[in-house]
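There are two complexes below, and they share chain A, which is joined by chain B in the first and by chain C in the second.
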Partner chain A sequence: MSSTQVREVKRSARLQISRGMKTVLAGTIILYIASALLAPTSVSKVAQMGMLPFAACLAIVGLGQTLVIQQGGIDLSVAGAVSLTVVIVTWGPDRHDNRLIPAVIAAFAAAIITGFINGALITKTKLNSIVATLGVNSLLYGVMMALSGGSPRRTTERLSHFTNDKIFGLPHSIYFGIICAIVVTILVKRTVIGRRFEAVGANPRAALATGLKVGRYQVGAYVMAQILYCIAGVVLGGVISQPTAYQGDDYVLPSVAIVVLGGTSLLGGRGFPAASALAALFLKQLDMFVLSLGVPYGVRTLVISISLMVGIALYAVNWRSIRSKVGVKTKEERQLQAA
Partner chain B sequence: MIRFKSRAAVVASVISVAALTIATSVVASSSSSAAGVPSWCGPKKITMGFTDGFGGNSWRLVTTAAVREEVKLCPSVTKLYYADGQGKTDKAISDIKGMVAKGVKALVVFPDAGQAMLPALRSAYKAGVVTVPYRVWAGGTAGKDYNLFVGSDFVLAGKLWGEWIKKNLPNGGNILRISGPAGNSQGADESKGLAQVLGNDPKYKFIGADPFEVTGWDPGKTQEVLTAAIAKYPNIDVITSDFGPSMVSALQAAVSSGWKVPAIATSDGNVLGCFYQDNKATQPNFKMMTISTQNDHSRLATDWAIALATGGKTPKEKAYPSTLFEDSVSGKPSAVQCRKDLPGDVYLSAKMSGDAQAKLKTN
Partner chain C sequence: MSRSPLILSNISKSFAGVAALRDVSLEVKEGEIHALLGENGAGKSTLMNIASGTLQPDSGTIEINGEKIDVLSPHLATSHGLAIVHQHPAVLPDLSIEENIRISVPEEFLLSEGSPAATMRKILDDFGFTVSIKDRVENLTIAQQHLLDLAKAFAVNPKVLILDEPTAPLGQESVEILFDRVKKIAQSGTSVVYITHRLAEVRELANRVTVLRDGKWRGVKAIADISDDEIMTMIVGRELESTFPPKHGSKSSDKQFFKVSDISGGEFQNVSLTANKGEIVGIAGVVGNGQSQLLRAIAGLDKFSGTIEINGEPITGKQLLNKAAYMPSDRHGEGLMMTLSVRENAAVNALNKLTSGIFVSRKKETDVVHSSLTALEVKAPSMDADVSSLSGGNQQKIVMSRSLLADPVLIIADEPTQGVDVGARAEIYKILREVAENGIPVIVNSSDSKELEGLCDRVYVMSRGHIVETLEGENITETKMVAAAISSTKLKKEDGPSVSEKTLRRRKILRSDGLPPTVLLGMIGLLAMFIYSKNHLYFGSYNINAVLGLGTGLGFIALGQTIVLMTGGIDLSVGPASGVLLCVGSFFINDGKSAPIIIIGFVLMIIVAILIGIVNGSLIRFAHFTPVAGTLTVYIALIGIGFLLRPAPGGYFNATITDLLLAKIGPIPYTFIILAGAAVVFELLLRRTNWGVRLRASGSNEESARRLGININRTIIGAYIASALFAAAGAVIIMGLIGLGDPAQGTTYTLQSVTAVVLGGTSLLGGRGSFIGSLLGSVLMVQVLNACVFLNLSQTWQYLFQGLLIVFAAISYSLTRSGGKK
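Here is the complex of A and B:
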């Protein structure tokens, strides 16, 4: 094997589309075809324009969750983080446009502090990420209640224009989702820091042995995640004219679900931010599809749960061992046996 | 490293204690005014609790403030505790238990989770606390599971909408109904009321899920549900909703996609009134009527709880009435109101003035 061949192999491996991306892409295309055939109104302009901003918010949250999951953690402070941001950027300005920018800056400052608290609790005190982030989630809700008494105000005009004005017929909120997905993908997949970040997630001990500052990458994941939740919160605050104080509650489970659907392992290591973002579109279109089918609420919830289970089972179940137990053999195994 | 560990632990514990304290805020009520004590306020000194199943929107903020105002009128109530279930049934249940443990003598409960709250209500009642659930039906029997349920006639609300629809759309039309969480008694009763007025007339057709589209009264979900319905049904002639303001972001998004706003029969809110004023010129089919959003329902429940616990005179009504508030067509009892100088999330039908509501901030 010549050296040029080796280089070629390496390059193609870099450009390879992940299995998660293929699965989610195929799933999304099939879902859109099914939507167009079975519930054509779910792909109409009105429905898509109503759904896409929420898909964008979920995608941004999912990108943050992807980073945390890449470090073998899980972030349950999503709900508090998004809710707090929504409250800060609506209650803070209280309809006054000139107070919007300070409020957004305050929201980002709060997000960065929260990220450091999460990161410090997990890396320094070695708390389990579920316990630590759940505690921080309560803390965020506490701060939010102390600030606003549980009642955000109406979105300011400026924030509303910032997220809902259109470029080429699409509201800004959608572009925020796309830009975040591209930036995070490039950061993780195309930079030295990103490659090291994945290495730390895959095996922190080995990474430590190679001289990487493991703690920094781990804390960094939580800080970046909070910044992304904050971006999602700002966008969500703009999309919804009159948000509630618990607007983030709906994002905890879906954020984990889309990361898994996108093919990132819950054990950490390699992450697929773009696939997570696309999975957000899949999940929201699934909602829209089932809504448009006009089935009762109970059935709707069941269909969504079953679809999620199927999607997650694609990765979580060890199909090879099941096949061998059932007695079905793969091509390789048959060849091995024949040999 | 060890120093950091312990410092972080100390900081974390201090912060969590602070957070807990904030989450269940304690408010002392003034006991200064002796003159003009209302008849429902008896002589016995009590502490009192108010638990909300979900406190995270402006409607609840005003409703809770109404409870506070009412409690202030009665010097016999020495303290009012408040807890917010944050939309979580388990938290709402433990909030009730927490109130009993604190030793409150009267408890007003907004049992959002419906029948799931009955065991907790019963245990409070059996522990000797005057227990008054209101607004959402939690099942059970008065005098056995709780003292009294202070409901509202939501069937009447549905009837009021139905009558307005009949009068203003005499040629019939397609009606889309939206309400809160799946199976909530308020939405079910409203649909019953609508059906009583319009159900036998073939000109009127109910479209969408039966008895209503589920939104959880959440503006985000409302937007998803409403856009799906708008896409699915090209001809919606009327939308009914028991939380009008939560529709505004969805309506705005649909209008910007070129959709024509139909007639709306709902409950009031400043943001909705202003949405009407901003769009009436360009939306020929947009007529609107609202019933009072009933922020003051909690006052009646509070009066009952205090009367029973302090030995005061019990109020006459056991249910809070549904009343018309705005009508864009007849202008009676009021034309559609919009106060641009106030936040969108004040409710002009409430007893508390819009200006006072705008100043409300913390629990």
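Here is the complex of A and C:
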């Protein structure tokens, strides 16, 4: 009996697809089928080409938020970070292409500094992440206003080409979203730092007891997050020809929503970057779908809220205990029983 | 013959198939002090938890005051005059001593000295407290917190008083006070059940003694009729449960490998010990005598003074952290990442050796983990199974696997077989022995002396933080360990007033709830003076009215947010909630509508608010959403509902009502006066009523609060309802300000309310806060925004001031609260 079990320990699936990923993937497929049947305009090329770049930006922001939430935090400075980047890369060059690169570099430098400030406030002075990032968000808006005065400028030609030119019929921005999702997933899932990063998020006390430098991983999360917001901001600055100074406002709560939809727990631990990114597509297409149905804004928002509630309930409610009460066994329990 | 207020007969109790008590009986006579003795895990605490109604026995009967009780609950036990003091004090750190007493001592017992305050003073004086009853419990030392817990139990003048190892955390002076109190209360007719591990205490206090061993009753004797040796014989002699691998035996080739010389730390003093290659070294003693803290220190996790050497080389704590592998006793809290898989847990320390290029090599990782798990005979459905799905024994093996894969030079195991079944225990012993044989010394702390007898090559016995005995070879027996532990008369180092009165007073001021409002008031005043010096229109009645008007709406919403934060939650839905409530009102409270319709409008606002609160609270308490996730969902839903109700702003409010809302006395709106009144009233409710105490108690320490009989679900859901009702009040204020229904109004109030409350000094961790602080925080927020207009500063400054204000306020509160909390 024990020999069969020992043999089974050897098994480790090569490719694991998380529950969050399965849920979001199934949801997205069903959503696209429903869209095609009920509101064909929402899957038209025009609609998709209009929606996808924004989904990509949301996905990139969501990847950053995933990293922070993995560490049991939450980052409300998304709004200020994205807005500031957009302003730096459009206001700074003022339609002069040759000034674009320095502006982008400045944006990344600002992002990294912001990340360290967030991280230090939370790990060193032990501030609650909500309070710290709320304060930093205000500061970022302050800097943004100081730079731009709140009135927008047109994006540069070069940035516009950089994000909107097409490869295989799809604008670059979409590829940026996909590349970021792949890179973050590989970083978290396949490197030593990433794997330990997950361990720290899952249980900082245990991580400390095994000798890991917990604070560094936590600060790292906030810095990486800012870098991702910055990438999203640069892309957004190219996608929108005349961005506003408050472009980041629309990203705060949706970014938290897609992380939660993707199955990453707000209590920290294992993160699902790819699922978060796909959830961005789900959310944007859901918006597009409901919009095409011609229902009012209120209904659209309500639908998003309901999908979020269902999504969280899938993870938060202890289905295992409910199942066992009803008498249904999980796969592992069946295996154990069989062995 | 005297009566017996507590009789337990033939009690049996099993946990998950393991018998903790088998057919145990105990009779406690009126006015006697009855000692209950036995080794760690003999079943003493289980028996007392049954006597106090915390646990239900599988079989047996309970008789209190001659009345047979079928199902005993903690509440029923209390009403029958039974009081119990646990090893871990049930006190609420954020509350004052007075409030802690009030929560567990009924009013009727607080009148013996005339007023409750005088009675409380007497209760505390009896236990040698010099501190004020208004002091917060977190400012007390651990020993004082225990004394407070004891004092509470003595105060209700119980028929039966159960004390579970009361002297463990106490110093000499406090022990004497306690003994004196115990003798006095017994003289007055109270029966005392006194659980202890110390024979000296038994001799000093007890009339009779009952001994348990392995969950079985060993006998009851009058203390005068039994010698210490006879008691010892009754205590020891557990049956050997597992088989142990052969010992190392001392060899001439042995050399000292790990050497600890005279180290001291928080809970242990002047400890010296050695571990040779090939050895397993045991730390024995009664649980909670500094063993775990010693292990943490030599694992490099806690600070220590003194020297530690490996192979003759001195080594620092930081280096130890990397060289020694520590296996904590709290597997769930500190040992494992419970939500991660078996493979991820086992490999985490070894990952940097399992790479190919910059990536972790799947093959290397699965190979190494697989061979480790096979060697340790781990039973798991697969390497990808969550570690939480394994049995205790297999979880412990995962901890061992991780420790071994890290290539340590030393293994430190705290209670390695706790919660592990008998079969797996033997396997764990075998693994530890193999590890030691391979040249990695193992240091084991265990509360099971039989286990140490079977496993170890040398055993150090600890008592009150000191090593009181070293046993080697033939001398490693359970009897000798128990004898050393229980006959020790060493006392804990008295943690007396090590901080000066002056620091204490300063700390008290810094941590008081009154400080933030005072500082805020000062800031508001200074800012006002500054702006006035720049622009004399500032104190114009128009401006004062505008600032206070805006501040009132935010203020009401912030008061609600304060209630929720006090419970340790957060309510993100308050902003959109006020928007929706505004829209609800805008359909009824219009010009030309009759009075009943208008009243219906207000009633509907209240009903909708209550519903919102119930949804928030239920998502959090019943569906287990985190507060952020739950109220964020509701936030988005409420925006949707708001726009469904009113896709565009509309529905002008009744002019009579808006005029009423805008009415003012001098420059000050009446509504602001109402707000200030509400803040004061709620501040008083918070301090003076049971509701306030319950609210802060559930945010301060949910577990203690539950033990003290507070209904947590009701308290917290109630807080979310209160928060939504305050959002409704905020909506009424907005009604006056903008005059029509607009769903977009309000969303900004969510983060503004959190900011205002944080400025006011309420902690996001729950347990404490101030409504007056939140009110002033709201005023300051609005004032700062308004200041920029008056000083001709751009919006940039509005944002910067806001941001700096939040960050600095939060940092300074965080520092003042952690300051001195050593």
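Following the convention adopted for this analysis, the second predicted complex is superposed on the first by the 304 of 339 C-alpha atoms of A that agree within 3 Å, B and C clash if a C-alpha of one lies under 4 Å from a C-alpha of the other, contacts with A are read in each partner's own complex, and residues count from 1 in each chain.
Assume a contact is a pair of C-beta atoms (placed from the backbone, for glycine too) under 8 Å apart; a residue touches a chain by one contact, two chains touch by 3 or more.
Only a predicted model underlies this, so the values are computations on that prediction, with no experimental measurement involved.
Student: Clash or fit: what happens to chain B and chain C when chain A is overlaid?
Tutor: clash
Student: Contact-wise, after the overlay, does A:50 reach chain B, chain C, both or neither (first, second, both, neither)?
Tutor: first
Student: So in the superposed three-chain picture, is A:141 touching just chain B, just chain C, both, or none of them (first/second/both/neither)?
Tutor: Both partners.
Student: Comparing chain C with chain B, which touches more residues belonging to chain A?
Tutor: Looking at chain B versus chain C, the one contacting more residues of chain A is C.
Student: Looking at A:42, would you say it contacts chain B, chain C, both, or neither? Reply first, second, both or neither.
Tutor: first
Student: Quick one: classify A:120 as touching chain B (first), chain C (second), both or neither.
Tutor: In the superposition, A:120 touches chain B alone.
Student: A:98 in the overlay: touching chain B, chain C, both, or neither? Say first, second, both or neither.
Tutor: Neither partner.
Student: Is A:149 touching the first partner chain B, the second partner chain C, both, or neither of them?
Tutor: Both partners, chain B and chain C.
Student: Tell me which partner A:313 touches in the superposition: chain B (first), chain C (second), both or neither.
Tutor: second
Student: Going by the contact rule set out at the top, does A:243 touch chain B (first), chain C (second), both, or neither?
Tutor: first
Student: Chain B clashes with which stretch of chain C: 128-136, 182-190, 794-802 or 812-820?
Tutor: 794-802
Student: From the superposed pair, tell me which chain A residues show up as contacts to chain B and also as contacts to chain C.
Tutor: 121, 125, 135, 138-139, 141-143, 145-146, 149-150, 296-298
Student: List the residues on chain C that touch chain A in their complex, please.
Tutor: 299-301, 321-322, 326, 328, 333-340, 342-345, 347-349, 351-352, 355, 358-360, 362, 366, 370, 373-374, 377-385, 389, 402, 406, 570, 619, 623-626, 628-630, 632-637, 639-645, 647, 743, 751, 754-755, 758, 764-765, 794-800, 802-807, 810-811, 814-815, 818
Student: Which of the residues in chain A come into contact with chain C in the complex?
Tutor: Against chain C, the touching part of chain A is residues 2, 5-6, 8-14, 16, 74, 76, 121, 125-128, 130-132, 134-146, 149-150, 186, 190-192, 195-196, 198-199, 202-203, 205-212, 253, 256-257, 260, 265-267, 269-270, 296-306, 308-309, 312-313, 316-318, 332, 335-336, 339.
Student: Show me the residue ranges of chain B that touch chain A in the complex, using the header's touch definition.
Tutor: Touching chain A: residues 1, 4-5, 8-9, 12, 15-16, 18-20, 22-23, 25, 54-58, 60-61, 84, 86-87, 182, 208-209, 214, 218-221, 223-232, 245-246, 248-250, 252-254, 256-257, 259, 271, 343-345, 360-363 of chain B.
Student: What does chain A use to touch chain B in their complex?
Tutor: Where chain A meets chain B, its residues are 39, 41-42, 44-47, 49-51, 54, 94-95, 120-121, 124-125, 135, 138-139, 141-143, 145-146, 148-154, 164, 236, 239-247, 249-250, 287-288, 291-292, 294, 296-298.
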